[in-house]
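Structure below; questions to follow.
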Amino acid sequence: MSPTEEMKRNSTVANVRATEIMAAAGARELHDGEVVIVGLGLPEIATVLAKRTHAPGLSALLEVGVMNPIPKDTPVGLGDSRIFYRSTCWSSYLDVMGMNLHRGVVDVGFLGALEVDRYGSINTTLLKQDAGKVRYVNGSAGGNDVASLAKRVIVIMRHEKRKLPMAVAHLTSPGFVGGHSRNELALRGGGPHRVITDMAVLGFDPNTHSACLVSLHPGTRLEEVIENTGFALQIPKEVPATPLPTAEELRLLREEIDPKGVHLK
Amino acid sequence: MSPTEEMKRNSTVANVRATEIMAAAGARELHDGEVVIVGLGLPEIATVLAKRTHAPGLSALLEVGVMNPIPKDTPVGLGDSRIFYRSTCWSSYLDVMGMNLHRGVVDVGFLGALEVDRYGSINTTLLKQDAGKVRYVNGSAGGNDVASLAKRVIVIMRHEKRKLPMAVAHLTSPGFVGGHSRNELALRGGGPHRVITDMAVLGFDPNTHSACLVSLHPGTRLEEVIENTGFALQIPKEVPATPLPTAEELRLLREEIDPKGVHLK
Amino acid sequence: MANKVKSVSEVVKTIPSGAHIALGGFAIARCVITVVHELIRQQKRDLTISQGIIGLDTDLLVGAGLVSRLIMGGGSLDRFGPAHCVNRARESKSLRCEDYTSLSICFRYLAGALGLSFIPIKSLLASEVLERLEAGPAAGDVKRSKCPFTGEEYVLLRALTPDVSLVHVQVADPEGNCRIDGPRWENEEEAKAGRRVIVVAEEIVPTEYIQRSPERTIIPGHRVEAVIHQPFGAFPTAVFGRYDYDADHLRMYVNHAKEPGRVKEYLEKFVLGCRDHWEYLDKLGGLRRMEELRADPVSGY
Amino acid sequence: MANKVKSVSEVVKTIPSGAHIALGGFAIARCVITVVHELIRQQKRDLTISQGIIGLDTDLLVGAGLVSRLIMGGGSLDRFGPAHCVNRARESKSLRCEDYTSLSICFRYLAGALGLSFIPIKSLLASEVLERLEAGPAAGDVKRSKCPFTGEEYVLLRALTPDVSLVHVQVADPEGNCRIDGPRWENEEEAKAGRRVIVVAEEIVPTEYIQRSPERTIIPGHRVEAVIHQPFGAFPTAVFGRYDYDADHLRMYVNHAKEPGRVKEYLEKFVLGCRDHWEYLDKLGGLRRMEELRADPVSGY
């Protein structure tokens, strides 16, 4: 990433960080009473923010077998005891991923990604480098399961051309593969719903199933988004601005949810 | 049952009740370190006796999700809290019947029965009466599962002609159905091994898979057994006598395991 | 979070006649008697009942003539006697009964709980249990097949996904997080297979109490639609750690259940003749009797 | 009852090279480090490892060159970095790796634990994860099929039945009755799928303690072949309620793991250079360091 990009990412729009806009935008996608399976990092931050504001009845599940934790310290991963704190249930993969996700009662799957393509398919397995060299990363873990089975999938990631390619280097977790409907793909889950980046919020056209622009973050120009997207984004005539986090949302994020700025830096 | 039969059943041979001979004979069929799924009544009594004597390392599982209970009071059924007392594990059907029995780690299934036929198939579902009238009873519960999957099956029951018919009125739990090997029947478990009655211990011929006489209880005449068996029992030239319970076995049965004589009456 | 505590009458009002109801009781233990009585008072008819081991709960519903179809593994009232009403209804062919086994019912619930439309099993083979299912109206729920990897012969079972799954638990919080003390038989799978999950709790505790030992939570709150708070709600059946079964009352029930006429008598007196569960408990001896049967903390009965 | 408490060295002697070993660790939590180190000291080669989420345990075994086949759902060392040794071995094609997903590994263990040779699943479809499995040496373990009742498309998975299943638990009795505090991920299914089950316990308690809360027993003693008693046996990974992970050591490990040469260095110093787990713990700071990382009873870390 170039210094200027770095600058931009960490620079503030009305003293708001891009990560804070992302967290708030993510939180707004979650409705009270829903069941959400969350990955660590910004997805978890956004979920906690939603729970502390408009969605107190949200149920947050972690694939390891943890429900509704209220961590007081920032965990480094899903196996970190910090994320088990004050939960309402400690069970198992079989319970969370089998008896909830596969059962069909999970409304939202909230994921991170290495690459997302125009049809919302996700790569978390490998990167293809020059001379056909391959670099492996973490693999699917619960990603493919969540993308296949959750009623809707929300991805939070950085907006870079190489991270938003025409087609992912490895199709780890299916979106609307090849532009097909989920039905045609024999997948139960509703598929990708939002991709929240540090520049914009993307959605998917109900007909073409191709990614479209939903809103632009304040301070980001449309051209920047187009430049930094590896495929042709459908652009509506009127592009609304992503609402900035409210003062209360910012207070919660900065003072209570991630005071050390581990994920919001 | 006629008064004389009643008399005989409750009369004593060297002051030993038939039920006590049955319990001791059942206990001797269990080896130390084995895993046994037990039904309530004499099977449980025999299992406790084995545990207290030659098989301290026996693991006793109850289908409801109870392991190695040490009841101090006599339960009326598997749902009775009395049978949960001092267990090493409380889990579920899925664990006991799925992750143990279906997994193939249960050595012995210890059952009661309404009828057992010459091939060791069990009926616990219904009785056919005159004029084709049917009377329903308890059904399979775990019986069919245990008979299908345990490495060997032991049945304890009263010896009456109508309870040991040529063919059961309803084949609830398969033995060597039609004289076929368990392999031919696509069943994993080894099938019937012993039928312990108040007159004798029966086994099954490895070739014909038909019931044969293993031993006669002291005080019972061979003719009685033949009279009271609804099919042609294979009789060896030499018929050994079922060993009587030892003094210590009797003491345990009468003073500690079933002092109120609920099952040994 | 949501407070899901509701009265049994308002909850039962939401259960339509013709519904498939899964019962979590086992013979004479943790039967949802308070809901069963209300179903009878509200005369919910044409019910399909599924259950691993039937007991007093199912026998009462069948005795009241509300059940048209029964999917079960077996059962009775243990040493107190057979399920007379169920057996009699079967003999008179007024009840369609599909006999499975403990494990096959458990597997059918497991499949439902996991969102699998089918699951294989190695019991039932070479038995009349399977033959009767294949020959009867349940033919579409079982299918002989082979493992695609080993070629081994299996029976495939269709998942059970009851319209309403009922479970009686010792402890729940207002959001529906539930604990079950003692063995759980097939309750976890039965509950999680349900399209709707309704629990009856002996005791309601604050969520903070649940958070102190989250590993004890068997059914998470977000799966539960309603929590009915009814102490002694399973009476006269036993609830481990809370109270013992009432042997006298069970004997008396079985004596009534033997004869159609006297079942009616029992229902008139102890169900239809009671405004609610409290009045029923009073008829059974009230506080004094309940205290006699209250479990001691060491034995749990 | 039998006393199954054995030393790690005598237990590892019974594990042959070429064995399929299932690991119960998760990234940086409850990894069976004491067994992993002994496997390296005894140079058990050509191992097949299966695991839901790989972590330090698998990265050490692969770094030591003992693994020829890896069946996994994914994994890393969380924020401390990727599993460098595993990723590098894959890139150099010196490791045959079969990529599944968390749930498909869990279902494969579940099938194994239930004695089912196959189980259906609705993930993997329309993904390159499935395509690569079908195209590779794992082709015989997955099969597309349809539900015989609903016609819905499924992937059928072959059961996983490891030769040896390893799990790190907080509490066990001498017979092998085990408790796991905190979330259990796929440990119950992984353990019960094993042909042999070996547990490492932080603490050995009398059976009477187990009998006081039998509902906490996750793995029953009769399924366990051996219990290895090793306090801080998962160090430097975390054990909920007992101790936190050692962030400094994990960072140091990842820095070594980045380069093949330095992995060797790490193994020389902390594994091959240690007679046993106690000597290893001393090298990591001994009692003083362990006390620094000991969990507080409220937070569990």
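General remarks:
Chains: A, B, C and D, in written order; residue numbering restarts at 1 for each.
Note that in this section contacts are C-beta pairs under 8 Å (C-beta built on N, C-alpha and C of every residue); 3 or more make two chains touch, one makes a residue touch a chain.
Not measured: the values here are computed from a predicted model.
Least step count on the touch graph, chain B to chain D: 1.
If you compare A-D with A-C, the chain pair joined by more contacting C-beta pairs is A-D. Summarising the inter-chain layout, the chain whose CA centre lies farthest from the centre of chain B is A. A separation of 29 Å divides the Cα centre of chain B from that of chain C. The distance from the centre of chain A to the centre of chain B, with each centre set as the mean of the Cα atoms, comes to 59 Å. Mean C-alpha positions place chain A and chain C at a centre distance of 41 Å.
Looking at chain A, one finds that residues 84, 90-91, 94, 98, 102, 149, 188 touch two or more other chains.
Residues of chain D in contact with two or more other chains: 115-116, 121-122, 152, 182, 215. Annotation, chain-chain contacts: A-C, A-D, B-C, B-D, C-D (touch as defined at the top). Interface of chain D with chain A (complex): residues 26-30, 52-53, 55, 72-76, 78-80, 82, 86-87, 90-91, 99-104, 106-107, 110, 121-129, 152-153, 182-189, 237-238, 240-241, 244-245, 247, 295, 299-301. Interface of chain D with chain B (complex): residues 1-2, 113-116, 173, 175, 177, 192, 207, 210-211, 214-215, 217, 220-223.
Put simply, chain C touches chain D in their complex at residues 115-122, 140-141, 143, 145, 147-150, 152, 156, 158, 181-182, 215-216.
If you check the complex, the residues on chain B that touch chain C are 62-66, 72-73, 76-82, 84-85, 90-94, 97-98, 101-102, 124-125, 133-145, 148-149, 170-174, 177, 185-188. Considering their complex, residues 33, 35, 56-57, 59, 67, 84, 86-91, 94-95, 98-100, 102-105, 149, 188 of chain B touch chain D.
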